[in-house]
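In structure tokens below, several structures.
The same chain A turns up in both complexes below, where it pairs with chain B and then with chain C.
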Partner chain A sequence: MSAWRLPSGGHIDRSRPLRFTFDGRSYTGYAGDTLASALLANGVHLLGRSFKYHRPRGIMTAGPEEPCALVTVRRDEARCTPNLRATQVELHEGLCAYSQNRWPSLAFDVGQIAEWFSALLPAGFYYKTFMWPRSAWHKLYEPLIRRTAGLGKAPKLADPDRYAQQYAHCDVLIVGAGPAGLAAAQEAAARGARVILCDERAHSGGSLLADDRARIDGQTSAEWVDGTMAQLRANPRVRVLQRTTAFGYFPHNLMGLSERLTDHLAAPPPGLARERLWQVRAREVILATGAIEQPLVFPGNDRPGIMLGGAALHYLKHHAVLPGRRVVVATACDSAYRVARALQAAGAQIVQFIDLRPQTDRPALAALRELGIRCDGDLRIVGTRGSNRVTGVDIARIDATGAAREQRSIDCDLVLMSGGYVPSVHLFSQSRGRLRYDETLQVFVPGESAERERSAGACRGIAGLADALQDGARAGAAAASAALGTADASAANPAFTVDAAAPTPEPLDVPRASVAMHGPKAFVDFQHDVTLRDLDLAVREGFRSIEHIKRYTTTGMATDQGKTSNLNALHHAARELGQAVPAVGLTTFRMPYTPVTFASFAGQARGELFDPVRRTPMHDWAVQHGAVFEDVGLWKRARYFPRDNEDMHAAVARECRAVREHCGIFDASTLGKIAVVGPDAVEFMNRMYVNEWSKLAVGRSKYGVLLRDDGFVYDDGVVARVAADRFHVTTTTGGAARVLAMMEDYRQTEWADLKVWLTSTTEEWAVIALQGPRARDILAPLVDGLDISAAALPHMGVVEGTLQGVPMLLFRVSFTGELGFEVNVPAAEGAKVIAALHAAGERFGLTPYGTETMHVLRAEKGFIIIGQDTDGTVTPDDVGLAWAIGKSKRDFVGKRALARPSMQQSDRKQLVGLRTRDPHIVLEEGAQIVDTPGQRAPMTLIGHVTSSYASATLGHSIAMAVIAGGRARMGHTLYVPMPGGEIPVEVCSPVFYDPQGARLNV
Partner chain B sequence: MSESNTAPRTPGWLSVANPASRFVLQGELPALAAAASALGFESDVGTNEARDNGQFALLWLGPDERLILAWQEGARQLAPRIANALAGHAHSLVDVTHRQVSRCVRGEGITELLNCGCPQDLDITQFAVDRCSRTLYNKAEIVLWRRGPNEFHVEIWRSYADYFERWLIEAAQDLPVSTL
Partner chain C sequence: MLLIHCPHCGTRPELEFSYGGEAHIARPADPSQVSDDDWASYLYLRSNTKGVHAERWRHVRGCGRFFNALRDTTTDRILVTYKAGEKPPGEAR
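Right, the complex of A and B next:
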């Protein structure tokens, strides 16, 4: 039994002692402890060093609002989580925790010298001091500041754990399983609603966990909680999620919940997810998030051993831990009276009880006095003593002039402070609900809801257990009725008999700002080390809005989002500015309520599951032939097929020559395909594409160009008319989805009168390109007697047939400039057909080729690639495609934009070819171009290289570029400035190979 | 490289359920009604409804769009039959037999497992037997058809099937499905 643990009581399991370490030292706690309660039970109060001044810090709270006790918990090298609130870390056997932000040790930290210079580190210090010289910021100041002002270290290894994600729906989602939340859940479930109840703790009960005196309907609070939970768990329509934080409130009642599945286990079952991210869509939401006790602001209020009154009570009642034996209590509201009594009853000595409020004759004070407690009203703490743990306080009465009178020192080992409870409105605020300032309570409470949401209990300023229970029950009934569309629930008014109520939220009855006591090191924001003086400075320097004061001083901007500091800062600023609190404003709360791991957001979407990996039906064939793959969108495409240790350059050169001399075989299945079908199909095509489609005969195809409505080229592809009312449209691989989406958009919203429908057939067809002079020789014997001669199937002809019995749609098309066919077969037959074609072609020198070769071959012909030679700012004319535009068409998407004068200027960037003077130099794609040599920066740039390759066929490099007024510069010499010197280039036609197309029409 | 096929062994609750052929039919309501009748259904399906008469399944995909699954009849035979029935009705009938593949997922807990990637409410009270929906499983589009309280038919484009199956199997580590 450790010195600070009570012999009995609490919700800990004394039969299960747990060993754990903190900073390498071994301690013992019990099942049911948090790291904070276990350390307190061992008399450990010093847990960390503060962010800016490296001041010793301890445990201030018992919940998620903890600003100080941030620790790193480590399972192994990779499983090491920084910045966990010790108040929320559940103890397990072998837990290994470390303090942060200290060197060389927690008790002696060199960084504390920052405190000696604290006068030099006022608000805005970083902004003011590290401005000059500007260049020093990145190299010197920022790294230095980051090193000294860190908060834990992220592990360097990849996270080995799994993380799950789950969507869920319910009628009523209840956040918080305190008295209001439990009552709400009970009532909603009783009405047949599908309910999800979540709570961030391991135990339900909320404020009841710290209460062993209240009786609810004749039961102890623990019995009532257990009974209610058992009832809820037995209901199949209710899902209870413990250790689950509602961290984000998203539009339309979508709530993000983070469930911690294994962190509390000593030996998590292998393979089990560590966390589960829930995305819950709720018809109705009930926020029962309780209230957060606020600290008092006084000089030296941050020492280890100074904590909130409610927190001490929680440790006492829930964990059976006495956080101190000689206790000073300072309060500005009534709730601390019960805390003092409870501690006294548990064996602590309350050496001094201070009520800050001006009245000295409160009956409650007299009642405490009867217990033998020394207590006074109208007193202040004006200073504290102790380095790594508080050893005493100085108290005094402050007179009208502000001077301290009757000052005396008191020795103690624990100081409890109680600055009133503040509703936890974080989620309500996230939901865009409007907060309302309650003058009486001096807090913001939920006003008008923006979502189908209601708050219940302490989080909307309801004080008292009976009222909270009733409020919860009413909310539960109303939410269930609203969700289920049943009769109004107002009839329901469930009554709870409650006596000896728990210390529920109590408002301040003195001005909140008056509670703050000036003096050195009077901290407002404990995590970011912001003091009253920093706030004063901000106000003196002219900041008027809390949004600006916050950013200047960084108050409320730490990971705790100011749960214990926002309101104190706001009230102080309002008083200094002489304005009403709402006039100074309240900052917006943003998700997450408490930090959520990145891994949780990633969930299962990592590695193979990060994105779908799409493979064509002929993927295995390509693997067999040694393909090197590249990612094109989500697709894996064969890039080249190296043989005998060839590098890419050699393989591509060989593949190019094979296509030009014999024949190549290429998997073109990833091309997007859309069936445009219906009596108005031709009209639809005329409106979508720049081309004229009316005269395209069945069995013929042509190259189509698609613009956006701004007139710029969006996509291209071969389009075949396979029947009078049916087009087989092909798109680029990357454009498949967006072209279909754009077409659907026009079809449904602009031209709903057209009888035409669109269906993606991308994956219906496997597409095999045969390209090269021997293509027909290879294909002809396999197509079951179909006549594919030049006469029967000319260039751009399309015919249906069979290939060794497999149904086939055969295109005679070429993206290489050679005689070419594209064989479309049902996807399931793709692997079989490509193998058959490959086998049949081998004696003709048929060679598999990949996307790299495809790119070189098309560039030799001056064919553009959308997205490589276009960038969303080129018109058809810019890239030499004006010929494709149907001149007599009344309209098409982009036509009006093309008529604008700026789209027709002669100095627009136009696509041209480039030849380097040195045939071996391959220009860099993206390289800029200038028109005179020897320019110095800033140069006059007239264009850039879009495509560039070494051409094995031509024996020299080739490039395509877009250059201002490029077509008028034919034959001119231009320059490509590179780090190694200028490269002279000559402007030429982008068609480098077979400009007459003689090889095509054979 | 992800080329090596490392997909875990197919679990008992996951099986292939391919029909002989599939079509996407789009058109105005009379055309859709005529097709339903040609396939032996008394009437067209309602919103998000699927029906199966043993020979054909008819799934509602959108106000003017249906998915036809033919359990035995091949596309070559079926296409002309439907086209005949639709003569005179403007419509689009497109063979998608090979575009997608079908999976049957069946077992206690399968709804939860689907909800790992599908954001729709699949509670039996909201998504009853013979409801269908074109929806998402994470980054893959699927057509989901509830065939029983614990059984779903899934249509998915063929190149996404591997992703879909891997994800289900991965997620099942936390949400075990007991095979029925």
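Right, the complex of A and C next:
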């Protein structure tokens, strides 16, 4: 039995001792302990160092609101979780925990010198100090401050654990299994609702866990909780989730829950996920999230051994731990009286009880005095002593002038403080419900709901156990009725017979801000080291809104979301500003309520499952031939096919030469394909694309250009008329989905009268491009007698046929400038057909090529790539495509916008070619262009490089660029300023190769 | 994540839908008769409503159809959804 553990009582299992380590030292606790309670049972109060000043910090609370006792829990090198609240870490055999933000050790921390320089670190210090010399901020001050400030460190290894995700639906979701939540669940379940009840602790009961005196319907609180839970678990319509935090309230009653499955186990079974992320859609939500006790603000209120009164009661009653033997209690409300009595009864000595409120003749004070406790009203703590644990306090009476009178020192090893309980309205506020300020309680409580939600119990300011139970039962009945559409029977609730006083919100009979005691190191936000003086400074420097004060001082911005600091900060700011609290406002609560692991959100979407992968039907063929792949959207595309240790440059040069001299074979299956079908198909195409489609004959195709209604180029592609009422439209690889979406938008919402249907056929077809002077020689023997001569199938001709018996739609098209065909066959036949073509072509020097070679070849011909040579601000004329526009058409998408004057100015950026004076220099894509040499920043930029390659065919580099008034600058010399110096370039036509197109028409 | 009632398929999570901007902005029947300013308004100017907003949605991972919704932008509550081409139900306003 450790020194601070009581011989009996509590919800711990004394038959199951557990060994654990903290900072390498071994300790023993029991099943049912948290890390915090087990350390307290061993007399350990120093748990960490504060964020900014490296002040020693201990355990302040007993729950998720803990701002100070943050630790790293380590299973192995990869399973190492920083910044866990020791108050929530369940003990298991072999648990291994470490303190954070200290060096070389927790008890002796060099970083504590930060406190000596605290005058240099006031609110907003990063705007004011460390400003000189200016260059030192990035190199010296910031790295130094960053290293000394901070929390735990994330592990460097990938997380080896599995994380599950689950969706669920229910009639009534209840957050919190305290008295109100349990009563609500009982009532809702009794009315036949499907209920999910979640609670962040391992045990249900909430405030009842620390209450062994309450009697509910004649039972002890533990019996009542156990009985209720057994009843709920036996009901197949009820799901109970323990160790499950509701961290986010999303629109339309979607609640994010994080369930911790293995962290409390010494040896988690293999295969079990570490956490499960629930997304619960509830018809009705009941928030029964309770209330959070607030600390008092006084100088030195942060030393280890200073904790909340309710926390001490929780450790005493739930864990049978006495956190101290010589206790000073300071309170501004009534609940601490009960705490003092309980501690005294458990063997601690209350050496001083202080009620901060001015009234000195409270009957409760007299009652304590009868127990032999020294107690006084209207006193303040004006200072504390002790380095790594509190050893004493200085108390005094503050007179009307603010001077301290009757000051005296008291030795102690525990200071309890209570600033009253504040409703936990985090989730309510996240749901965008409107908060209301309650003048009596001096807190915010839920007002008007935005969702189908109701709060119950202490979280809406209901005081007392009986009322909380009653309120929960009412909420449960009402929610069930609302969800099931039955008559509201909430009036017929059973009454609870109760004898207890649970820790709940209670009226404060003095202004909340008035009990704060000024002085050095009077902390408001314990996690971010924000003091009263910081808040005063912010107000003095002119900040008026709490949102600004919060950001300037960072109060309430730590991972604890200000659970123990927001209200004190707000009341203090309001007092300093001389305004009412509601006028100063409240900051918005944001998810997550407590931190949630990234892995939990990622779930299974990691590694190979991170994103879906699209592979073409010929993927394996490309793999066999050694392709190096690149990601294009979700597609895997063959980028180049290196041979004999070629680098990409050598492979691309070889592939380019092969296409220009013999023939290349290319997988073009990723091109988007849309079937536009129906009696009004041609009218639809006329309205969508800039081109004139009426005269396009069946069996012919055309290069189509698609604009948005703002006149800018959106997509392009070859469009074939395969029947009078049927177009085979191709789009860019990346544009397939958005082009179909845009077409559907116009079809459904603007031209619903047109008889036309749109179908994505991208994945139906495998597309194999044969490009090069020998393409026809290779293809002709395979197409089962089809005549593909120049006369029968001219450039841009389309014909249906078969290839070795496989149905085929054959395009004569070229994206390389060479004689070319694109063989479309059903996707399932793609692998077979490409193998047949490849085999047949080998004696002609047929060479597989990838996207990189495709890019070089098209750039040699001046063909643009949407999204590379265009950027959403170019018109057809800007990129030399004005010829495609059907001049006689009355309207098409984008036509009206092209008529605006700004779309026709001569100084618009226009697509041109660039040749570097030095043929070996390949410009960087994206490089900026200027028109005179020797400019200094800021330069006058007139355009940029959009495409740039080394052309093996031409023996020099080539580039395309968009340049203001570019076409009027033909032959001019311009300059590309780069870090290594200016590169002179000459403006030329973007068509570098075969400008007459002689190689196409063969 | 919103819960959206597709008038053709029923209630589905927001994941199945794509947003389509403000509703009831018809493309002028003859754009050539529209002034530059009016065309610019048609293209770019949208109301930024605080309160009930008529907007387009498409059940893109379902039936593929566009429809309209009245949504309160302050609460995200969707008051009603109705088919494309229909007028917004007056009583929901």
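Convention: the second predicted complex is superposed on the first by the 972 of 1002 C-alpha atoms of A that agree within 3 Å, B and C clash if a C-alpha of one lies under 4 Å from a C-alpha of the other, contacts with A are read in each partner's own complex, and residues count from 1 in each chain.
Criterion: a residue touches a chain if its C-beta (ideal position, glycine included) is under 8 Å from a C-beta of that chain, and two chains touch if they have at least 3 such contacts.
Since the structure is predicted, the reported quantities are computational estimates derived from the model, not experimental observations.
Peer 1: By the touch definition at the top of the document, which applies to A:359: first (chain B), second (chain C), both, or neither?
Peer 2: The answer is neither, since A:359 touches no partner chain.
Peer 1: After superposition on the shared chain, which partner residues are touched by A:679: those of chain B (first), chain C (second), both, or neither?
Peer 2: Once the two structures are laid over each other on A, A:679 reaches chain B alone.
Peer 1: Can A:868 be said to touch chain B (first), chain C (second), both, or neither?
Peer 2: Neither partner.
Peer 1: Contact-wise, after the overlay, does A:252 reach chain B, chain C, both or neither (first, second, both, neither)?
Peer 2: Second partner only.
Peer 1: Just chain B (first), just chain C (second), both, or neither: which does A:164 touch?
Peer 2: first
Peer 1: Thinking of the overlay built on chain A, is A:281 touched by chain B (first), by chain C (second), by both, or by neither?
Peer 2: both
Peer 1: By the touch definition at the top of the document, which applies to A:741: first (chain B), second (chain C), both, or neither?
Peer 2: second
Peer 1: After overlaying the two complexes on chain A, where does the chain B footprint on chain A coincide with the chain C footprint?
Peer 2: In chain A, positions 279, 281 sit in both the chain B and chain C interfaces.
Peer 1: List the residues on chain A that touch chain C in their complex, please.
Peer 2: 250-254, 279, 281, 432, 450-451, 709-710, 741, 744-745, 748-750, 752, 890-891, 895-897, 899-901
Peer 1: Would you mind writing out the residues of chain B in touch with chain A in their complex?
Peer 2: Checking each residue of chain B against chain A gives 1-3, 6, 24, 26-28, 64-65, 76, 90-100, 112, 115-121, 123, 126, 138-140, 157-160, 162-163, 166-167, 170-171, 173-175.
Peer 1: Which of the residues in chain C end up touching chain A in this complex?
Peer 2: Its residues touching chain A are 1-3, 13, 18, 20, 26-27, 30-32, 34, 36, 39-40, 42-43, 56, 58, 60, 64-66, 74-77, 84-85.
Peer 1: Across the complex, what residues on chain A touch chain B?
Peer 2: 162, 164-169, 194, 261, 271-273, 276, 279, 281, 604-605, 608-609, 611-617, 619, 623, 629, 634-636, 675, 677-679, 755-765, 807, 826-829
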